[in-house]
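Chains here go by letter, A, B, C and D, matching the order in which they are written, and residues are numbered from 1 within each.
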């Protein structure tokens, strides 16, 4: 049964939750599940065309790698070098559209609840890793993606064109999508669909054409000053803690913009080594968000200016590093979305508004496809959640996963029906790197 | 007699109080009082060897000049161009020491009390100018200086060497002494004495060898940004008010120094034009003080850095202007001071400790003479004050002025007695510019 | 000719520009213009049902009052006591709707340009008062209102119901409308129309149903501390300047709200008396704006909290005073606005979107009428401006005023045509205080 | 002999370095070394008469306790409950003075250098604990104390009165001395001597009568706010990170005081949990220092006010905890110190000025003895240091320890010689708790 398979997979991924850029067992598991199907699997360095932002700290990474063992697979070393995720291609060898799906695979950096009111604890599939938990539903996303790929691969004869399944790492912190951009496989997509479970949409309902993606940048800032004894020679210190505190307060002056919503938040600040020492180091972890890319540029320029100014004020040096980013969505093809909504309504899906209320790095991929002339959509798969996203007792209603698979299968059917693109040209091209 | 003369002069100066660089009638009055004595009077541009800091605002200056009339005196135009003050030289034509006295002549920028409990109101000599009041006792200093000059000039036969009376403008805001430095008359002093009335010393007591002079700089800072409508286009403004507020808070990080007392104060901040406009201008009026010149350099560098940093943070430009300054005292000749104290004690003066607790730009002149090998002292002339210095009901006990004259006359007697310098060399030199 | 009359009136008002709560000559002029028409004039205390916020400073007020002379009119003393403005009622004595118009009458606190490129200077009608200038077009609003009243009064026989002309003082700083609320005349309006000239709409175009009104509060804050000498006893001061600077920086933390636009701006900050004194007083002039009243409450609570916190931090006391306020618009009757737009289109008016981009205290009156079941609209009368609103070379195109009169006349015609209210009930009531 | 013993002991203590309140093996070792001498040993709860400030975190404490084993001694459980340190009393049973010595025994919370240029690494006595290192010389202090006790105990017949050896825990962070105050043993001291090695005094030199002790408080502050999603609901958060940053900047306003040096430093700030979450917690670790207790009160009141104000500004709650404190020294008996200096000079010691430049909680004990009429002194034992105090390559010159023992022995000789107190009264008292 598909439903049982979905649950089996989801609980497996939930148990072996791995955070961004550390999806080692996860990637290996996806390979294992898909390798016996009629799919071309691409992974490791070959799917990366941009630098990877926000890689994990060495110590955590090494300690985790030492704790696991991965069965021998091709390019195991590349995967363990944080080239995680994979792209599976179902090539029907028939002229037709290139249809892409994107599923994100990383867990949150969170310690799962050990409460007995939390189902994974009772059924024994809560996360084995205290530093990672699937608290956003990516475990369900992957499971849906795997089952979708298997079903479509098993029905290859009924299909035309190519279907591409993107299992993207590092969506948390909006880090992974950027690294996969400019990938020839993605460049040549005629259609791209994304999907997220939950998001305040109830079980039984779906959203078609999510909007409200905020552009964002995740930024780390380090101020470096000079230590000195606070009692004996205060004037000899260059106070990085004060530079950071002043920057933090001044950042808020940027939050007002006539073009729309602007957000700025310093979520973490760690500074100094001891109470009697002038602090010589301070680290800020922050994010900015905006309704459009103008606002993001305005905020980012402002952050840079204030960091420079604060550093000069306290005679410190500084480093600014972008740890993740996502753009706003450049827009959908309105006609396409309108027709798609009608199609789903006719098929008796219950549609609701799909306001994403946050940032998602799939916007990079959706924009890339749209700019190249393709059509895109993002779905929300409703599910009654036990607790809000990113909370330690987050849990989905597993029964909703099947609806997710159907949603995607129906999407393929719809596209194959309406697609009018002249693929003569396409036939002579290979979308993949190999062959 | 002398006491009546002192009171007559002091009340005159009190009534016609003039603030720094606007001592027009004051300078003219001193000239008038001294011109018929055997004194060489130097004034106008010829006594200035450095730029004048902190000149008054044009509008106030012009408006005041239009309100007064000065009898025709030589170099009237120079005086009205803010080359105020004068130096009177009593040349005995006999070999002997060059003994200098310095008296400051400017009033405070303050509106005198109109209370009937305030003596100048009852006796009708309160300040005619709402923007100026002698609330620090410089009216008494000048009066003592004039009477001292007259007495010594009348006794020229009993004296040797030269006696120099420096009537210095703009002591408030520590502006005037700097402009008189490097003046050949002052360079060649063998002895220099300053004096201040009040300073928490009671009537009947005197301080000999005031210490505790703090070095200081008076600084104005202007931030210039860009205005914009706070509701419609907040992101277009460059907020000078926020730049200034941030600078003001960060300045306080400078106040700790292992070498001694450091002071920093922003006393005035004026910014912005209307509540719905992003402020495009902010003005800070501040001061720094320190036990020594190292601390002053540290503070001044820090202020510059924080101003630059704050300007960068808010994309503003800025101007920093020094409006006044005074150094710390490099020290006295301990032996000289010790002997001088004994001399006054023997003469039945009642001596107390003379901690000045503040900044005084006479330190420039005392240091200049000391560096050139001369000997210096600063006196405090006790007087029971009606209210504290710089307050609107400040008043001295006029009877104490006579003691001030005696103190100075006794100083001359003492010097002429102890002086052992070989003045052969000196005889062939002229200390003044003319002749 | 109406056009000539409009220009005559507008230039008169422009020349005798008077700021909020000082519209003495202005009110007298309106009375003079309207008194011989078939209108009931209400003014002075009788039209005020709420306290007046943001009254002018005594010294400015008195000095201005002494400089003018007003011909003897009834209740002259009340007008000179800042009960300015008036309400004119045209009572047809026939059953029909109560239609209100609101025109604002105050000038900006601004010194008009003396450039020869500025038309009022060439034609000799620039403001006689250096502290006031009609830089927002209220001179045109009043002129249109007066001519409209005259025309309608002259055509009373063709009309039914009552027409009410509200000449509101103190719109700048959003102060006046609040004081006129709960006024029985306004309570009983069945329709209310407002109008503003300019607002980025070009000559020849009009906006019907302005939206985008931001709720706002204008707030003054005073911190009171304790002065002390910055060099001698820094620890004895309670620093109001630092309290204010800290508050100003912390206010910006409030500017992010999930319900929509939030604005906060400190436009003016004045603190301290002298550079060597710990500042004992600081005054902040600020405003907050928000897309809805929830946001305004959030901002206002936050401002109060931060002011209290900053005062505690520096051992200061404080005062918070609301100097003006306006709500957001609760909404229009969509059907009414849609039909009205069609009506104007049919009459060949050129309609554009009417985004007000700011705050307007007419929102108080529009909301009051809407809540009581009436229908409301706000127009924008396009005009090519010489410079932006509130700038010292602001000028309208006077030819556009006639279109403003027509717009209002057409509004009356439309209402009288469509109005279906059963006024039996109304007939037995008196909308005004007298009769 | 003695020198070898000193080195053996010092290297032992250095190797088994234990930080404040965790001196378990250290205390046991001192007991072991002294138990076979003619000394009364007091330890565990019985020597504590005040609460212990700044106890270590539970997790670190438990983990360390689990890693060590202590041979069975009396009151082992009390010692392991952080009642560390001990007081040894040598009672001659003859009438005479009560002479106290204080030696501190805790290590710094520091990871010792593993460089081969660092002697303890070559000779294999570097700290076994990565969280503790004797980087201030307390290992030497204890060793000197133990040898001194052994020598004096072995010479009991030549002595009179009582000699008390206080081995004090938790001097780092100025925590331990306070807990030992009001102890009857200490109350009854007629003389008390402290000693510190290094402190910028060279090998071969000693300081007698250290001055410059700054009063201090070590303070932890926690702000507690409310988390919320920074993108979706910024207005729902209560931002503890901003409260802390604002407090940190405003603290600096306190650093100027007319009575002398004031120091304030936030050395550590840790806030927030993730970049997209409004931070709900912030922890500040800070210290204040002052030349006298008035300044400390002023600073502490100011810190409390600013913390309260910042908490109110951001709707946070807060906790303030004093983690350590020491007073300034109330002064020495000048005559006693002068004579003592002469004594040491005659004995060919090389004396230098002994400016401590920091805070030391022995001031509590010295003040207690002085207030009760006793005489006190603090020595500096010069030693050429390899690196500055509290640095990871700090090392003393071990040869200087012997001079330390001699210094103390000579002190006893001097006291027994000069002491003129009438001990009749004393004879009938018992200074200790038992007997």
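Simple rule for what comes next: a residue touches a chain if its C-beta (ideal position, glycine included) is under 8 Å from a C-beta of that chain, and two chains touch if they have at least 3 such contacts.
It should be emphasised that the depicted structure is a prediction, and the values quoted were computed from it without experimental measurement.
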item: Chain whose mean Cα position lies farthest from subunit A; value: B
item: Chain pair, A-D or B-D, that carries the greater number of C-beta contacts; value: A-D
item: Whole-Å gap between the CA centroids of subunit B and subunit D; value: 50
item: Whole-Å gap between the CA centroids of subunit C and subunit D; value: 69
item: Multi-partner residues of subunit A (at least 2 other chains); value: 232, 234, 242, 246, 249-250, 252-253, 256, 263
item: In the complex, subunit C residues that touch subunit A; value: 249-250, 252-253, 255-256, 262-264
item: Residues of subunit C defined as touching subunit B within the complex; value: 109, 214, 216, 218, 229-232, 234, 241-242, 244-246, 248-249, 252, 263, 265-279, 282, 285-287, 289, 357-359
item: Subunit C residues within the subunit D interface of the complex; value: 232-236, 239, 242, 246, 249-250, 253, 256-259, 298, 305-306, 308-315
